[in-house]
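Two complexes follow with subunit A in common, the first pairing it with subunit B and the second with subunit C.
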Partner chain A sequence: MATISKKKSFSLKVLSRNPEDYRRETKLDIHKAPQNPETYLHPFTLGREYQRALNATKLERVFAKPFLCGLDGHRDTIQALAKFPTRLAHVLSAASDGEVRLWDLSTKKCVSSVAAHDGLVHSLCAHRSGQFFLSTGQDANIKFWSCSEEGRIGSEPVRTILNKNVYQGIDHHEKEDIFVTCGQSLDVWAGDRSQPYQSYKWGLDSMHYVKFNRIETHLIAVAADDRSVMLYDTRGGSGVQKLVMRMKTNSLCWNPMQAYMFTAACDDFNLYTYDIRNLRIASNKYEDHIGAVMDVDYAPTGKEFVTAGYDRCIRIFNVADGHSRDVYTTKRMQRVNHILWSMDNKYILSGSDEMNVRLWKARASEKLGVIKPREKTAFNTMETLKKTFKDHPEIKRIARHRHLPKLIYTQKKQIREQKDAQKKKESNRRFHSKPGTVPFVADRTKQVVDIKE
Partner chain B sequence: MASMTGSSASKPEKTNIRYFFPKDPDKSGAKFSFLRRKKDLIEEAPVDEHKLKKWRTGEPSKGYARTKFHSQKIRAREKVFEKVAEKSARAELLCAEEQGSLEAEKTYQITQNDIRSTADEATQQKIFDLRLDQFGPYRLDYTRNGRHLVIGGAKGHVAAFDWQTKNLHCEINVMETVADVKWLHQETMFAVAQRKNVYIYDNQGIELHCLKHLDSALRLEFLPYHFLLVSASAKGYLSYLDVSIGKEISGICTKQGRLDILTVNPQSAIVHLGHPNGTVSLWTPNMKEPAAKILCHASCLRDVSVDASGNYMATTGMDRRLKIFDLRTYKELSRFQYNKRQCPGVLDFSQKGILAVSRENVVELYQDMTNQAYRPERPYLYHRCDRLIQDVMFCPYEDVLGIGHSLGFSSIVVPGSGEANFDALEANPFQSKSQRKQTEVRMLLDKVQPEMITLGGGIGEVDFKTAAELQEERNKTKFLKPSKIDFTPRHKMKGANKAGKIVQRKKGVQEQHMRAAVRDIVRTKQVEGRLNQRNSSRPGLPEGTSSLQRLKKKSA
Partner chain C sequence: MSTTGNPSNMANYKTTINMETYDGEATEDIAVDEVAHEKLLNSLFAMDGKKRVMNSVRGISSQSGNLDLFVHSKHDKGKIKPQDLKLKARNSSSSLKKPMSSMETDQIKRLIARETMKTEMTMWEPIVQEIRAAPQMIFSNQPHGVEMRNVSRPMGFMPRTSLEKELFSALGRNEEVLNPNKELTNAEEKALKVMSVKDAMAKREELMKHQELLSRVQIKAKRVKKIKSKRYRKILRKEKEGAQRKELEKLQQTDPEAFVERFEQLNKNRMEERLTLKHRGGGKFARLHKVYSKFDDTTKEAMQEMLQRSRELTKKTENDSNSEDEEEVQVVSEKNAIVLSSIDSEDESGKKKTYHRNSQLETLNTVNRKAGGWLDGSKSTSVYADKQLGSQVSQFVDHGEKAVVSQAVLSSRAREKLKNQKSKTDYSTAHDVPEVEEINSEKGPETKRKFDLCDMEITGDEVTGSDIKKEGQKQHRKKKRVTDENIDEDIGAQNLKETKKKAVKELSAEIPFEPKAYEEETNERHDSLIVTMEELFQDEDVVEQFAIEKSTAEAKVGLKFKDSSLPGWGSWSGADFKGEKPLTKKQRRAKTNQFEKSEQKIKQPHVWLNPKRDDSVRKFQPKTVPFPYSSLQQYEASLRQPVSRDFVRETAFKLLTKPEVITKLGHVIKPIGKEDVFKRKISRQDFSMKSGTQKV
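This part shows the complex of A and B:
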């Protein structure tokens, strides 16, 4: 408001706000909130943001309740878990008594079950169409089962293939009607034929785990009892590469986003990610388990994976980091043998020795259900803040803290001590030896014994 | 490996990537379509470089980090900072209100009456006097949003009101001497320093708390982001009380006598105390000693004030001087000597940097005082009250100065003193009741811990050591002697516990320890030798950092 006086001749402008410009017009409007980014109006911005990050980190730990429910009903140890490529809510599980159950995760109930095999079921996998699933059992049969849209499993198998040998692993091709089984040999089956159209053998030992690559769909990775991981191409007549490690690989999983990467869950408590273009050195090594790692499954994003441990815990790893970002345990969960990461990237399923299938959240403190846009924005802001201040000691301490069972806690400490002692010994040896005689060996190469082509 | 190359041959060619929706997903490779939006569809107008300059917080780094990965990380971060600066510069357009101003040949000739006669009606309402001649002199305080005012007369009269609508919240007589009044974080509560204790009243005048451990307080300050009520007492105690939990965070015996000059740096929450010996001491709640001391005047100090940016401090002393200090360097910027019989008294900086200085019953207002080259002959404005002035304070977000004096309270208009565009998320003069409640919750959640009040080296600042400091540290470790270990060996049987044997065993352990220590030292030397070699080619290192330096003769 500028005015000019005549007597003394001055022009005057004074702050005079109209309240109507700053208040909402009706009760249905949102409040007006003018903003001014001028720095001096916002003192202690960093201090306040730090406080917010600290609060967010604390809340994250408060809300970290990853266990959702136990799917109980099996009467024997869980032997296999499988997910469907076309259905989100349905999951298959098989037990040692030969029973296969289909679970609906939205209702957390068992939809149907079937006594699939005499003796234990070794492995399960879904057909690429999602309308069937395949199972192998101790009775040396491969069975095809139909399952309806609602999840009803047919009472009789659609097809049964009788064999001489027991197959321990089975997996289906992503795009074609091909499936592969492993046992005494690696067999590739196609169409309605009752004989494998291709059979591979490399060495004498039997194979226990097989997995198709989901991108390079003809590529197969097999884990064998002779501590090796073999790569095959179904279009070729023999194996491509064989990697022999120090200890046995229990299970492996291809990265769903990077066709050339796979992660092997090893008996030496560690996991190793390999680039198949260079198997001499693992591209990463994941430590933290204090028992053999039994199973591994990737998130559909390819950025994380979850592992099942013989040490009665589940761990989640970032692919790029060497240590787990989270660990899930319960008082009752026994040795975890099988693990699945659901295709919507939200849930984790674990099958353990004490006959239970458990459902977990993939991110422990995530809010489930519908999230409104403003809430979503708030969560995103908090995530960014936590990331910004993650290296501050107090925040780091809170974010890393996990209450672990005593066994895991003490064992981990012990293992830490052992590793330190080994390191010290090696460095002492190096110090007292002629320079160059005790070379530095990268940790990621130590487990590789041999590579055959 | 033959078949491996076969699989890589099926990859799409790099030169021409085409994503498409296959009709039959089973037969072909790609499943998804990534339609790329053309970048040239929307183009934002570029922001002026000089506008951007204001919002940039620093220069982009020029060198490289140790690895390429980290260099890229830093570059990515810098891009974000640049974007923030650009967005802030664009957002300037949304600050619609214009700052007040007064343009005339001799602005100091213009009186409040002139302003009142020409200004609009709303502004006319802002010039008023409260004649309260029985209870003065008065002290005053505005809320952070500038909407509410509390005044306290030395003889016990306390009144709180919304000064814009002239709506009285409460008016009480506390029947005691009132030394100071202060709003707490919002207009619902205020603190009054009375003869013996500090009391907290709500805006209806109901006594909520009597703070007995803040006894004989003379001045009060409130730190809204920390929820700390700071009181300076006649006995020389400086106390910090967290009003959100009601706990005294820290009580400091300053050993400086009567503390009747207290002000707070709004940017760093550091307390400035003025002392009769002419020094200003800077305090944080975490130290029992002052964080810094500045000798400002050769005589007794009258008042201290810190400007809104937290970079400048103004002081007045009994030597009739007004001085401006730069708090970043602790150096005097400029000084102004007053004439005989004119001693400058209380001070206050406005949000836009106008300085109000009282001398007896006159308030002088100066513009641009933090500019070193600016030497005003006359002040920007004058205002003469009837009696001695006790307290002055600018109203935030308004062109208004409140004056407390022996005859009551005066409100005058000072064009250009207030910030025109408020940020509703910090302080909103037009907030509703629900907004106020929500803000309170937010403020409590974001309460900054008192440990974070520091003089430099706060959060977000890099605590790095210079190469010379690192070198010095290494030099120190080099001459470390292995620590002696003394212990009594375990009692042993069968002749092993003879005196000679005991000594032998003890010696063995000690020697082992010594060997380990020597080994460590040798290793650090090896590492250091390598570093020295590398550092010799590095500029900026002082002479004589080499490990051989100690062997040189001192005189050379």
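This part shows the complex of A and C:
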């Protein structure tokens, strides 16, 4: 007798598929999935892509493990870090006890070390050829060190220049055999001469940081102790321009892709990017640090830079944004004094007070090593999706979420409140006074005290 | 160092520059104006009160040295010309100019340096803008990893050892060995040379023939493969099967082991066939046979047999899987029994109930009118359907077979539902059941109507379609007598009647006898389940209920207007009080319009639109239009463009998911090179090539 009763309005759907539809017959058999991209056939595209973006964001946070290793071996605080223009794996670091070490990043080991100076080493830089590096120290010497392909530092310096004054900063020219030192004066040295062929002085205060422009190679930017940043041209006999800011500039870095842009790491917790043609207004201001910014280094792509903070964290900024895109901390990392972005745009090195050089990934969740084409396309898709949906609150929240040390978390909140209060006060004042008496002043101009010409 | 930023100082610099650079020209100017200058000097001395000491020697100026210089400077002409001897004033300042201070010179130098820097840097402007705007940057000298290099071919192999030499000589002499630089071996080449034209032609012809034959076979195979005729396929299959059978017989004699194997395979096939439940009667063949079965008894039997078999096949699985259902069924069946026993008693109170139902129907009609007639949409037979229900119940009572049980479940459930609402369905069922039972006492499983029809068939072919119709109508009249006695000719009843008639007509047009084609039975049962809205809602005031529900929902959502103004607040008075500006006409209209719109949305009489419906979604939507977009439309459009591989074509996918930065693993990224950039810039202008990507 009939056992199944059929009712037309009722249908039971059971998930059962023919295995032939989805199973490959052999391992090498690739089914070309039939595909029709007509929009009306995919009514849930937006929802599905949103979900994918959400998942990608979550996965990004899951895989965000930026810390790679700590390079320990120094017996005093790190005073300087330097990268070679020609080598990827080798990095130099100098400590307060006068020791310089050369690290191999591929093996994560110290290749060689040398006691370079009596007292602390102030600054390091590599020669443009990559065969030498230069160091200045508290003993007022400038020393040339040879460095083999394998990373062996010569036991004795190739050349030593004895000076009367201590030089605090040193940098080498990008193309020619010229290097520049700063201290009581800014000296430009060339070739084998034992005297600087050019010496600049502008004001009485000493200078502590110097950097060659890497594109327009004759330009030099110097940070001085009188809260100023000076620009010099090696072709002329005197400086170009002097910018005095409210607080001291600790360090600065030229953008390697945009000839006239440089970023100054300032004591007022902020960084400022300037267009050297107009120093009266910063082209961008970067907030987020809750302590003085000690060092800054650009990514070789010129799109991002990394900063070292006195607040024991490393922050990565997009050049176009005003706030950091990422923050790196570890429990034991103390004040970060020096930072480097590797030449292949993949790694970041930080030197901090507690004698450690740390190696980080530049993008926290990036997969290292060789990536297969399929993986690559998948990553690209995910990146695009994340970018498309980045303004959706859920995705934004997940992408922004960081677990920060209590100090940073509370301090940041406090600073936020202070800023809000200031803003409020200003707006109130503006509201209650005669129109025009309290003008709007751009945030980017507030730090500029004077331009000397 | 002092600040030197003020404009007056700036002006100073400029003048000094002029003084320095254009000194030579100035002397000439002065020479021209010498008379005026002399005059001026005299007047100045006169003011002072002292007399100017002038050289009185005639013809020679007081600054003779100057003249000498002037004269001797003209080397090209040895003579002194008369115009040279003209009196000439000495330069305005007698002493050397005071050198500028180091500060001033520094400032000037800086100014020059700044100007040059600005001009130089502005050259970078377009490049920097290009870099900033570039959607993709590739940091690689050789983006594709392709490099052209001269191939260094190794030297040819030279045999050195004795063994090698021996081998080489042996192989070198062999004609079958293929030389890497040649396509054919020596032997082949020789053979080619040896072959005459005639032979070659013959061979070629042969080859072509062979090719043609092959292609013919192929074409034929293709054609045969495409034949869709079932008959042809059947014949083919039969042939195949015959061949197989013959083979099998042969095998039985020759190779018993293989035979057993083959036999098992066949059995397995049969089992598979059975598993797939092929005997369901759904195929074309089966359906055709269904049609024929009314003319032919043997086919009828065959059909029955087939269906029986299918049922047998499916029965077991059903038993296994639905043990729960069975229990339920049993419970229900008990209930049904009770219902049946109470039928008689209900019969007595029939008239009372009819009256009650009438009144209910009227109220429902009024409700319907209120509701705008939307209840009119679905109406169908009720009486006819109820009869069926009754019959099914009787089936159950009579036989209690498992197969029927499931039907009974359905019907009884429906009945229960209806009964709960005290519908007329229940009532009429109660009346119809005994009647049906009278007729169907022997042949339970069939529905009453079907039974009637089959009865007619059995008695002979005298009864025509019209007769059947009449029969049906008679029955309806009977039912009408029972149900519609006290009803006025209202619309509902009219509809009922019409639909009843229709149903009967349809039935008479159907294939009359089909005892176990339960598919159609179920169709009918399905119809029976469609109950009029009147029946369903007869004793409920739907509209009122909805109004109540709506008001509660509104209260829950909190839509009611709350007057938050404090008493007296805002109604100021006094000497200085000017009063609020009255709204302009436009404003007032806008305000009222807005209010009305919002009210309308909410206060549609029979609709409840939940204003908080989207709240759960809103949480996941951006609150404002994000930065680069200026309007919501723009932003939405940007989201609407899918990028995943599943939704766009491959090329589009690749373009859409281009990474912003491409770097090469282990590749040092150098800063942008000045020479390269400007060179490239020029070359690009030459070829007028432009692309979105920026390669560095």
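Operating definition for what follows: the second predicted complex is superposed on the first by the 421 of 453 C-alpha atoms of A that agree within 3 Å, B and C clash if a C-alpha of one lies under 4 Å from a C-alpha of the other, contacts with A are read in each partner's own complex, and residues count from 1 in each chain.
Criterion: a residue touches a chain if its C-beta (ideal position, glycine included) is under 8 Å from a C-beta of that chain, and two chains touch if they have at least 3 such contacts.
Values in this document were obtained by computation on a predicted structure and should not be read as measured data.
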### Message
Between subunit B and subunit C, whom does A:R52 touch in the aligned arrangement: first, second, both, or neither?
### Response
both
After superposition on the shared chain, which partner residues are touched by A:M343: those of subunit B (first), subunit C (second), both, or neither?
second
Chosen between subunit B and subunit C, the partner touching more subunit A residues is C
Figure out whether A:K452 sits in contact with subunit B (first) or subunit C (second), or with both, or with neither. second
So in the superposed three-chain picture, is A:I276 touching just subunit B, just subunit C, both, or none of them (first/second/both/neither)? both
Should A:F431 be classified as contacting the first partner (subunit B), the second (subunit C), both, or neither?
first
Item to complete: Would you sort A:K13 into first (subunit B), second (subunit C), both or neither based on which partner it touches?
Response: first
Touching A:K406 in the superposition: subunit B (first), subunit C (second), both, neither? neither
Touched partner set for A:R374, first subunit B, second subunit C, both or neither: neither
Open item on the list: Tell me the contact category for A:P43 with respect to subunit B and subunit C: first, second, both or neither.
Closed with: first
The intersection of the subunit A residues contacting subunit B with those contacting subunit C is 1, 3-5, 7-9, 35, 37, 42, 46, 48, 52, 216, 219, 233, 236, 240-241, 276-277, 392, 453
In their shared complex, subunit A is touched by residues of subunit C numbered 1, 3-5, 106-107, 109-114, 116-118, 120-122, 124, 127-128, 131-132, 137, 139, 311, 314-315, 318, 401-404, 406-407, 409-410, 445, 516, 518-519, 521-523, 525-526, 529, 619-623, 626, 638-640, 642-649, 653, 656-661, 663-674, 696
Contacts from subunit A onto subunit C in the complex sit at residues 1-9, 35, 37, 42, 45-46, 48-49, 52, 85-86, 88, 174, 202-203, 214-217, 219, 231, 233, 236-241, 256-261, 276-277, 300-303, 320, 343-346, 370, 377, 380-381, 383-385, 388-389, 391-394, 450-453
As the complex stands, subunit B meets subunit A at residues 1-4, 6-7, 10, 26, 55, 88, 91-92, 94-95, 97-105, 107, 109-110, 114-115, 117-120, 122-123, 225, 266-269, 308-310, 351, 397-399, 413, 415-416, 418-426, 428-430, 432, 435, 445-449, 452, 458-460, 519
Listed in rising order, the residues of subunit A that touch subunit B in the complex are 1, 3-5, 7-17, 19, 22-23, 31-38, 40-44, 46-48, 50-52, 55, 175-176, 216, 218-219, 233, 235-236, 240-241, 276-277, 392, 431, 453
